[in-house]
Amino acid sequence: MSLLRLTNLTKTFGGLIAVNDVSMTVEQGSIVGLIGPNGAGKTTVFNLITGNYKPDSGTVEFDGEDLTGRPTHRIVVRGIARTFQTIRLFQNMSVLENVLAGCHCRMKSGLLSSLFRTRSQRAEERRALERAVHELEFVGLAAQHANLARNLSYGNQRLLEIARALASDPRFIILDEPAGGMNDHETAQLIDLIRAIRDRGITVLLIEHDMGLVMKVCEQLVVLEYGAVIAQGTPDAVKADPRVIEAYLGADDDL
Amino acid sequence: GTVKIGLMCPLTGSWASEGQDMRNIVLMLAEQTNAQGGINGDMVEIVVEDDAGDPKTAALAAQRLSTMGVSAVIGSYGSAITEASQAIYDEMDIVQVATGSTAIRLTEKGLPLFFRTCPRDDEQGRVAAAVLKEKGYKKIAILHDNTSYAKGLAEETLTLLKSAGTEVVFYDALTPNERDYSAILTKLKAAGPDAIFFTGYYPEAGMLLRQKQEMKWDVPMMGGDATNNLDLVKIAGKSAAGFLFISPPTLQDLPDKQAKDFAAAYKARYGTMPASVWSVLAGDAFIALKAAITGAGSTDPQDIAAYMKKDLKDLPGLTGSLSFNEKGDRVGDLYRLYRVDENGNFVLQP
Amino acid sequence: MFLEIRDLHVKYGNVEALHGVNVTVNQGEIVTILGANGAGKSTTLMAVSGLVKPSQGGIWFEGEPLHKLPSHEVVKRGITQSPEGRRVFGTLTVQENMNLGAFTRKDQAGIRRNLDWIYSLFPRLAERREQLAGTLSGGEQQMLAIGRALMGDPRILLLDEPSLGLAPILVRSIFETVRKINQAGVTVVLVEQNARAALKLATRGYVLEVGNIVMEDTAASLLANPEVQNAYLGGAGA
Amino acid sequence: MNRRYAMYMVAAAAFATMPAFINPYWTDVLNTVGLYAVLALSLNIILGHAGMFHMGHAAFYAVGAYTTAVLNVTFHVPVLWAMPAAGVLAALFALVVARPIIHLRGDYLLIVTIGIVEIVRIALVNNIFDMTGGANGIFGIARPELFGFKIRKPVHFFYLIWGFCAVTILLFHWLENSRFGRALNYIREDEVAAEGSGVNTAAYKLGAFVLGAFWAGMAGTLFAAKMTIISPESFSFWESVVMFTIVILGGMGSIRGVLLGAFLIVGLPEVFRELASARMLVFGAAMVAMMIFRTQGLLPPAPRHYDLRGIMSGTQTREERA
Amino acid sequence: MEEFFQQLTNGLAVGGIYALIALGYTMVYGVLKLINFAHGDLFTIGAYLGLTLLTSMGLTGHLGAVAGVLVLAVMVQVLVAIIGYLLERVAYRPLRQSPRLSAVVSALGASIFFQNAVMLIYGARFQVYPHDILPSATVSLLGLDVPLVRILMFLTSVVLMLGLYFFIQKTRTGTAIRAAAIDQGAAKLMGINVNRVVSLVFLIGPALGGAAGLMVGLYYGQINFTMGWVYGLKAFTAAILGGIGNIPGAMVGGLLLGVIEALGAAYISIAWKDAIAFFVLIIILIIRPTGLLGERVADKI
């Protein structure tokens, strides 16, 4: 059974059909890329998966469970974490606290135990700190843990978003243009990181316009245009698809 | 030595104008007293504190006056403000003479050192109901402004009118400090009263008169003593003509010399007359205290209070003769009926 | 000298982001500035536009000290920018955004011509004229930001990572456009993560590292430079 | 860390001896400061930490004070016994009114909360349920008793109010440094990202309101006990503005800042008493000046401390950061 | 039915004034996202300056009622605009980069300052405009006698609103104002002089407030130093009701608020009038969270 299954998803904004009858699946343990021209509806698909938008029709199934229309925070608890196309960090909080946000949904202590600082609350807090530091070390930002998020460089902010997502202990992570604003060198490191995430047993779905990265890490590609799926398959197959070339890649040269 | 007397009044906030007049009057009287050799040879010192017309600030002002060695305090204006300070003066053994606080309950608590120079709401309610009845109005509209004072008076009058069998066709409250009361007047007019009794303050009364005239509705209107303010005519202009109100007598209607001298001195010093009778009552409070301290030969609060209750009888004050009963209320028939004439003068009705 | 950045220091609070940057741009050139994340590229462009003020040094345009001018005066001199993070006016329509790009211009006919040309460049924007810019997709907003900067009919165009978030087919056309604009006489300063493409397009290039210029050369030499290849071109040239 | 706590303890102890050196008037000023400190600390949860523009806190305060007054005067419940009931009723009220408005943004929430405090005040003036005494309010509230000791004088209230304030500070300090406190900050910084990290933003916002209201309700008990008479004008929109100003001027989300803010906003008008009629003029100018001088608030929150000893596998520890 | 229409005109008259003050509120808010709590006090200042000028210069005597009032209006607007401009320079500009609420507190401080300054200068007593400056003619409308002045006041509000709307929507400067309202940095990159835009807004907004103050003074006659607080709060409510930052919204919100108050007073309870108005406001905002005409841009994620 596939980990994620989207069935006939449709989403419109006013008269505009942003996502048009999209069906696709993501298998457990794979790295899948979602590509397509600007405004094709990729980010909208992500927003439908994570509950930020409610679909007009269609369903989102995760691990056999129908998640359509659930509030976002519930979906996170189910094990889906994400990053945003335009960075959305808690800019005035420390790097460590940003990652602790990810731990939130795996913690239990409530208002009263926080107010009275119970023993179990303190123990749980300790465990969350350990987890957060672990994720920071995983993405290589541990040394920056005390800095404010807004003082990180753009590339590091992207890594921090990934760490925050990982801290929620997801089974499935979706990354929206993780390499945006990174140079080739940094992108190469990102490729290693994405692979390492998968090696932890986390399934990855990503949007990216950097074809170098997509070709290197993705095992499967889905191509959207005008909200509809126009191609899917292995990177090599998709790359050769004339429709994809026409709509998205353009004439082949060494870019 | 000196005799220290406190004055607690609203120098800031919505009632600042009353408070500032109160201060002017009491300071002037104290100066006059000192010029004449003080009280029992001691100079009088007035300590003024702002209560901002707010209970919390009043409690602080009372605390502050308590620490300054005053034996008596004059003030304050609003009943709720006075009430917030009563317990503090009582606990600190300080005589308090309120000036504009007409709520009945203030003297029903049995506080031994509390007095007031103004009459009580029930007294005024009684007079109001009597006047309305005497004028022969059958259907009365009562309008108040939901302040503690105006509502108390309205309720008092309502009860009395009802028990006397007069029909009250309208009873509601407006929101003070607004400019446009035409919605209320439209509703009032629909109720078809013979007369309106407004128990609130002069600014609203002035606006009501003005807008009533604009609507070309000439129903008679009567006010309570809070409309006794020269500014009423300034606000209402010609439309004030015919307005009735009940009130303790105004300065110019007091025949005795003391009041006339006072009025002249005040005018000479500050350029205007005190706007309302309420600030003048602060002057009466000072006069009563001065007489009590002189008479008792002591600044001990217990002695002052005892003297005021037992020995002080028919003392000539600015608003008439001053005497107090066991509860600390001023005794005597104070209320008069006034009518505003075509030139905007307040004319005492026989 | 056309545009000259001399000994530019910029501080954010107490932290200095640029420690004495020197860049010169000749008329008609395309100059690219390369550098890792946080090196100070965007800061440099912002300083030229006058949105951040130097703590030392300055910027001269045709001999006039730009850093002493408020930013709207800089725009009047013919220097426009497509900024980092796009910064489109989210609650205005695409068309209104374009009009604002031409805010300092008065030649209605020229504005019209420019507008038609930009819409032909980005047909997607033409389709979405009446859409609120804030609801555009990331890439569409990027197109709008570039188009808006072009509406100013600039003498110098500052582009901060114009290819960010654009589909490959568009990236190519953007670079193509930049070349055309340049040929039409517009001087271009280009900041790009896509260093290879930028160097292919540019006349000359600078390399910025943590607030200092560490290299300056013709684009061709930089492209061939092993250090540059290592740091910015993802290893040996492909 | 321990040195810091020790310093706070010494400062608190020194403060506790204050009434010995000042007259009852200044003690009473400190009592008012303490009361506002508690109120502002409770507002700080909603406004400072969760970033919701709430300018109607006096509504919850009023519910607490009136609950206390009615319980005491009508049902003869001892004043301090009424405290939990005052808190609970205020919290319930918050639950009911905040629920439908919790999703409003910024200034829209601001006006709605102003509306709530005005509606409450008008309801009290109009003697709702025939229990609130209309504009007169409720008088004759008994003095509180603690273990048979009658709390009556300013100095007695000093220890009652500041004792309560101390407990509030301690508990809220713990709360700030917990999952709950952080979640509120995430919401303030970016609601979408907070929800995307698994924070149930609606529930937390409501939780902040309920907790803040509970505390304001209990502060209402202290106020009723101190004044012995309460009336609607003590709970006007202006009261809410004062609390709001304390939080913003002191520093959003900062306990130290809020305490300082309470001292300045409540204390300065008393200090300016000498100026008589001009005192509020000077106070207004001082407010502007202080805000311009410290645009982030007088004492913005210090970053939270996390003890990472034994967690960081690298060499860097908390000490090195400092 | 006649009573209903009478109440409707009552509401519209009050609402027209709310709308005029709300326009200034909304202008300032639109650009700076600042709730200018001192706006109500600029309104008060307008009323007092109007009185001073009127009594000291005797304009209406020399020029006749209409011309005199017009000249007076211009003078008051200019003076209040200057005060507004200074207010922005002193109390708000230093806070432009700070958290939004810091400026709100500064505005509250400025409000306290202005209110007490007026009290100290003019005294705490009510001040009264000379009577009978405005014509007391009435116009028969739908069988009702409506004072001419009310109609004129209402029309003035509408004309000012329309003028402002076209200014903001259609002119170059208006576009600059809207751009600066969204992103000041980006506006600078377009060549917009943001400081000038803000100053301009702080001339227009206070001028409108001052005009409203003069109007209230002339028509109602009675002014005092605390009146701005009440009117300011009402106008803020009106601006929010219509969708803050939106000019037709301020107009609609103001008129609607006036009508709600009048009808609430007439058919429910006078004493609960303000509570009813707030209650309706809350219900409307629950249904339309950004007011009646407010923009509802989905947060693009």
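Labels A, B, C, D and E are assigned to the chains in the order they are written; within every chain, residues are numbered from 1.
In this section, contacts are C-beta pairs under 8 Å (C-beta built on N, C-alpha and C of every residue); 3 or more make two chains touch, one makes a residue touch a chain.
On a predicted model such as this, the values are computed, not experimentally measured, just so you know.
The set of chains touching chain C and also touching chain D is given as A, E. Contact count check for B-E and A-E (C-beta pairs in contact): higher for B-E. In terms of their C-alpha centroids, the spacing between chain A and chain E amounts to 48 Å.
With centres defined as mean CA coordinates, chain E is found 43 Å away from chain C.
Centres computed as Cα averages put chain B at a distance of 37 Å from chain D.
Note: centroid distance chain D to chain E, computed from Cα atoms, is 33 Å. Among the residues of chain A, those touching two or more other chains are numbered 13, 43, 52, 84.
In chain B, the positions touching at least two other chains are 12, 16, 20, 146, 173. Touching two or more other chains at once are residues 135-136 of chain C. Pairs of chains meeting the touch criterion: A-C, A-D, A-E, B-D, B-E, C-E, D-E. Contact residues of chain D toward chain A in the complex are 171, 174-175, 178-183, 185-186, 189-190, 192-201, 207, 211, 303-304, 306, 308, 311-314, 316, 321. Residues of chain E that touch chain C in their complex: 172, 175-176, 178-179, 182-183, 185-195, 295, 297-298, 300. Chain A meets chain E in the complex at residues 13, 43, 47, 52-53, 84. Of all residues in chain E, only 3, 6-7, 10-11, 13-14, 116, 119, 123-126, 128, 131-132, 136, 145, 147, 216, 220-222, 224, 226-227, 230, 261-262, 265-266, 269-271, 273-274 touch chain B in the complex they form. Considering their complex, residues 29, 35, 90-91, 94-95, 97-106, 108-117, 119-120, 233, 236-237, 240, 244, 271-272, 274-275, 278-279, 281-282, 285-286, 289-291, 299, 301 of chain E touch chain D.
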